[in-house]
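What follows is a pair of complexes built around chain A, which joins chain B in one and chain C in the other.
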Partner chain A sequence: MMNNSGSVLLITMLLIASLIFTACANKPAEPAAPAAGDNTEEGDIVIGGILPMTGAIATFGQSSKKGVDLLVEQVNAKGGVLGRKVVFKVEDNKSTQADSATAAQKLIQQDKVVAIVGAVASSNSLAAAPIAQEAKIPMVSGSSTNPAVTEVGDYIFRAAFIDPFQGAVMANFATKDLKAVKAAIMTDANSDYSIGLGNVFKDVFTANGGTIVSEVSFVSGDTDFNTILTTVKNAKPDVVFVPSYYDTVGLILNQAKNNVGFPAEVKFLGGDGWDSPALFELAGDAANGHYFSNHYSPDVDSPEVKAFIDAYKAKYNEVPDALAALAYDAANMILTSIEKAGTTDAPALRDAIAAVELNAVTGKIKLNEKRDPVKSAVVIVVEDQKQKYFTTVNP
Partner chain B sequence: MRAMDKNRLIVAAGAVALGIILQLLIWNGTLNAYYAQVLTMMSIFVIMATSLNLINGITGQFSLGHAGFAAVGGYFSAIITTRLQLPLPAPMIFTISLLVGGLIAALAGFLIGLPTLRLKGDYLAIATLGFGEIIRVLFLNWKYVGAAAGMWGIPGYTNFIWAYMLAVLTVIFIVHFMNSSHGRACISIREDEIAAETMGINTTKYKVMAFTFGAFFAGVGGAVLGHLIRLLHPATFSMTFSVEILLMVVLGGLGSITGSISAAILLTFVSEALRKFNELRMVIYALMLIGIMLFRPQGLFGRKEFSLDLLTDSRFMFKSSKNRGA
Partner chain C sequence: MAEFLQQLINGISLGSVYALVALGYTMVYGIVRLINFAHGDVYMVGAFAGYFAIKTFKLPFFAALVAAMAVCAILGVIMERIAYKPLRNAPRVAALMTAVGLSMFYQNFTIYRIGAQPKAFPKIAQVNWQFAGVTVSNSQVLILGTAIALMIILHFVVQHTKMGKAMRAVSQDRDAAMLMGINVDNTISFTFAIGSALAAAGGVLVGQYYGVVQPLMGALPGLKAFVAAVLGGIGIIPGAMIGGLILGVAEAGVSAVGFSTYRDAVAFGILILILIVKPAGILGKNVREKV
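Now for the complex of A and B:
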């Protein structure tokens, strides 16, 4: 019987070996004929993308890919970068950490990319970033807003502003534009993003001379907010800061107006998590009159935004969202820097990205010493269940 | 006896040699970091799938809480490597952290197993599912380990040889457990719990034993995973992760260790090999799973073990583990 267990093990090992060797025998053929299915040729500049094409946040990944594809098409139409064609190669990370790490290895080792755009979610970027850092391949995330992402190392950059900035923007907006003195904060206890924004809002609003009259928290997935909304209403705030995602915010706004009867002069404020058409489906007309901060608005009157929207509409027949714009800018930071550095070699390219100055779609991008952009945010007001550009807040 | 010892030695030497050869190929660059990453993921999934098979396949208790145990192991091992400043060389810290992660996961398995293993079938599945979610939510709210932001900055101690050797150790342990009197008691519970009890087998004891061992290896697997991707996030250990591992066990054949190993390797490989199909990747993957389940509902290997008894006993290539004890 033990004899049997021995041979079972032996076979197990042989099986592992055979599978591994078939795997290896098949794969090294790939780099010789780079990525079958793509039209990559010798001399092309290959940019990688780690994006969630499937999984929980797939819509974000698809928007991001559209943004970068558009830029690559525009650049190639103008003759490419350094006279070479640009190829964008996306790897799906299934919205997971483990696959983000594997995708980063794949792009760097197999596809020999010179730089990486991605990932979307901060937690996914944090899994990919150490690999890019060790391989010394610059990585620019379009939309990861957690400050920790760029702290991984000097090869990691981003195109979006970071979470604390957004909290500060809305706190200043509440004090200066809305003349609010009493604020309530509602945060999602399960979301680091929500807690982070809430804390910064509290600090800045208090420093501006305001008082926080009520602080309540809920958990994403909750559907009944009547009780906590009543608590908040009884505290009589001028503004209520709800830094959460559109699915929860939609319900909160709906119940605040229709069930709890918040007076119209109490304004709800939020962050970029509100940015989705689904907000209006859930909230209906209860969303009207409230404000949130975002990376960009299609209504901003600047030549960059106009050109971007026209080209995007022509290619995809839809209005680009903030993720498409951020990914477009992230890729633009890389391509502009390659042009400026005159090479795709890692150290020179890294330095060029660190020094980049770009009039981008989402505002003027200039990186600070932490490789985070110092740029403006836009405040959007909801009118007739549509997003309307209200103002731009500079850092 | 002598033949057995010899056979065991050959197997052990062969397994170690294979690992060393692969690691050498990785070091000299023949296999680049991407292959190393995929091979490491395969080894981790071998650990996870064989340990779940111990609970689901061999003991016949339907557990959906494996991600929860992996989370416990991952988080506690990461606490050892990041939060405590142990004045020891890295390999020793990692070994300690793996043991601590595994042991705390085993303790969790023991505590969860005692009350829940009175339940059977669907009820047990739901109870373990609930447990997995509770663990996830606990880590989601525990500020010391980063709460909703996840725990990052974990040192990348895991390399291929660590994961591979741990997978080999897991498989050796489980195969030997299966063939011990404890293991046969577990199999008898799977076959007929009432009959087993009538024969004087303490069914609760053996169910809890299998659950605890399974949880230990899941904890080790989670610890290895955490030190590979250098980031632990509650979202990693959602129900999807449990289901993914269960998929490997069912696909390989409930109760077949070689089946779990092959399925873990195969599914990881297929998921990577399909990368060139982009968005269609997961569709093709799912279609493949449906196809296999239609044509081999008992899993690739059923309850049998793949074995090269062809060499010694030319009659059968597949031997049923069911008849093994006889």
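Now for the complex of A and C:
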């Protein structure tokens, strides 16, 4: 079977192949023009929610809605806020940036909400935040951890700690709890989240007297980690920091144990991107014995967590995840602040949220001057393919 | 040295999968002058067939491998009969576009039916062997062993059976072969069946090795296998094997020296280089076309 009928055809095919690749790129959406908000002084207090009820991270949105619904039910049972009933109105952003901007418009203009809970993903929050800021409607995201979100303006807040903090938490955990002196870092070169956590880990771990023995990167969508894992293994680290999402981490843990033969003493560490049952599906028993930082764990022994879990279980018959807890806290920040300000007037409400102090489910929330909470993180250990609370790390 | 050997083993494991997929490209090109861009997605369908054979029908690994190869062999024949045969005398670009369309169809149909979420492929019981500082896992031995065995079988089929002789005849001159009484349609279908079965084997082996299958898994390896086929000399069976191994080792080498994010770029850089320097590929000869 041999013939050569010219390379022109091959070049044509190469061009076509490159077209197929570029066609996959996503266009980011332009936020639409903002408009002024208008708060009613009488009747129900309407809180808006921009949540991904469908699409790529739909489970995150559904958990968040359950969390806020629970809070609203509890508050209304006690007579509401300022003697008025609270109504929570959710707009589905379909996990996209374009629909997050549209949802913000709709909530502010049509539904006249006094404040917004959301969005979940940082990129989605970044699309909605300029609109809320322009309309001067306070927006509190439960789970967006990218530092840029609250930098949009003084009406944007969050209930979660920010990305760099997790890197510091895990670096200190590696030094103090695991007594590690040599660390390797594996980052996703396409993800700001991953690079950000990796850089902070490196700085803090080095400042603690440790050495970074290997730094490798991959790109999202890779499935072959055997070669970079071989490089990492030969550097003989005590810990390997992999700040990436569960779909990639699952494969890395799987291949590290099964193909490359990492010794069990080498611990893998990560951030809240690991928090998904899919991690255990992909990694199987290779996930056991490794650690990651998270916002909350149902095993934390505090009165707030216990009360939250009991109420959540009674209403939904399931154990709440971190997303539900964070959304609950975000909505709680808003409602507590309305009560304290004594009004739903935007400027007064904004000031009240900025000064909020709350013993929340995910820890004590007190905002710094950048409107980011200074709060503790929990470290989770994977045991028997389940998450288990290990320790709490304070900032 | 140990690290070099270790990465070489990683590269050969990866390369033998590229080789298996590249064989399908090269055989189909050899016989009908078509780059079957849906081939990478046949590899994906094979991986899913293996996944369901193990998960749903509880077959042992090798039975699942054979089942996936059978499913894809049939798929290959159907694909050829429905999509490519009507276009056999049409301009080549028409068939090429059909291949791209089929590729998108396979990907999106799989997403529609099975979902876009990656599925965890069941691992076989893991054994790691250590010697001289090098770790070899049984997954790697499995990939290499299966790939070599399939290539030996393929070589035997092409060189020593009547059907193989017919395939070689059709690839040299289809009209003359027809005049000699060879059933050209069946020969072409048979070639598609073999190529698709080999891709399915590659898919199942990779699913097992990386521990995951998902609907878009075929796109990039498919293109890389195409590079491997061109590198070795498209249409030449041993060329596909050599091309696949070179590509796998090159990718592992690039990762090993710390440029892991550039390894796709290297694979396609090799394609550009070979098209400039030796368009016929490593084993190809420049044959002047007679007019």
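As a working rule, the second predicted complex is superposed on the first by the 353 of 395 C-alpha atoms of A that agree within 3 Å, B and C clash if a C-alpha of one lies under 4 Å from a C-alpha of the other, contacts with A are read in each partner's own complex, and residues count from 1 in each chain.
Just so it is clear, contacts are C-beta pairs under 8 Å (C-beta built on N, C-alpha and C of every residue); 3 or more make two chains touch, one makes a residue touch a chain.
Worth saying up front: this structure is predicted, and the values here are computed from it rather than measured.
**Student:** Now for A:Gln109: first (chain B), second (chain C), both, or neither, which partner does it touch?
**Tutor:** A:Gln109 sits against chain B, while chain C stays out of touch.
**Student:** Quick one: is A:Asn259 in contact with chain B, with chain C, with both, or with neither? Answer first, second, both or neither.
**Tutor:** second
**Student:** Look at A:Ala355 in the shared chain and tell me whether it touches chain B only, chain C only, both, or neither; answer first, second, both or neither.
**Tutor:** Neither partner.
**Student:** Quick one: is A:Leu251 in contact with chain B, with chain C, with both, or with neither? Answer first, second, both or neither.
**Tutor:** second
**Student:** With both complexes superposed on chain A, which partner does A:Asn234 reach: first (chain B), second (chain C), both or neither?
**Tutor:** second
**Student:** If we overlay the two complexes on their shared chain A, which of chain B and chain C does A:Ala307 touch? Say first, second, both or neither.
**Tutor:** A:Ala307 contacts neither chain B nor chain C.
**Student:** Based on the superposed arrangement, let me know which partner A:Thr223 touches: chain B (first), chain C (second), both, or neither?
**Tutor:** In the superposed model, A:Thr223 contacts chain C only, not chain B.
**Student:** Let me test your reading of the model: by the given contact rule, A:Glu281 touches which partner, first (chain B), second (chain C), both or neither?
**Tutor:** Touch status of A:Glu281: second partner only.
**Student:** One more residue to check, A:Ala207. First (chain B), second (chain C), both or neither?
**Tutor:** neither
**Student:** Specify the partner with more touching residues on chain A, choosing between chain B and chain C.
**Tutor:** Larger number of chain A residues touched: B.
**Student:** Overlap the chain B and chain C contact sets on chain A and report the shared residues.
**Tutor:** On chain A, the overlap between the chain B and chain C contacts is residues 1-7, 9-14, 16-17, 20, 189.
**Student:** Using the touch definition from the top, list the residues of chain A that touch chain B in their complex.
**Tutor:** For chain A paired with chain B, touching residues are 1-17, 19-20, 23-24, 26-27, 35-37, 53-54, 90-92, 94, 96-98, 100-102, 105-106, 108-110, 123, 126-127, 130-131, 135, 146, 148, 189-193, 195.
**Student:** Spell out the part of chain A that touches chain C in their complex, as residue ranges.
**Tutor:** 1-7, 9-14, 16-17, 20, 189, 216-219, 223-224, 226-228, 230-231, 234, 247, 250-251, 254-255, 257-261, 278, 281-282, 284
**Student:** Show me the residue ranges of chain B that touch chain A in the complex, using the header's touch definition.
**Tutor:** Touch residues, chain B against chain A: 3-4, 7-8, 10-11, 14-15, 18, 22, 31-39, 41-42, 46, 140-141, 146-150, 152, 156, 168, 171-172, 175-176, 178-179, 225, 228-231, 233, 235-236, 257-258, 261-262, 265-266, 269, 272-273, 275-276, 278-279, 281-282, 305-309, 311-312, 319, 324-325.
**Student:** Would you pull the chain C residues touching chain A in the complex into a rising list?
**Tutor:** Going by the criterion above, the answer is residues 2-3, 6-7, 10-11, 13-14, 26-27, 30-31, 33, 35, 37, 92-93, 96, 100, 103, 117-118, 120, 123, 126, 128, 130, 135, 137, 139-140, 167-168, 171-172, 206, 209-212, 217, 219, 223, 226, 230, 233-237, 251-252, 255-256, 258, 260-261, 271-272, 275, 279-280, 284-287, 289.
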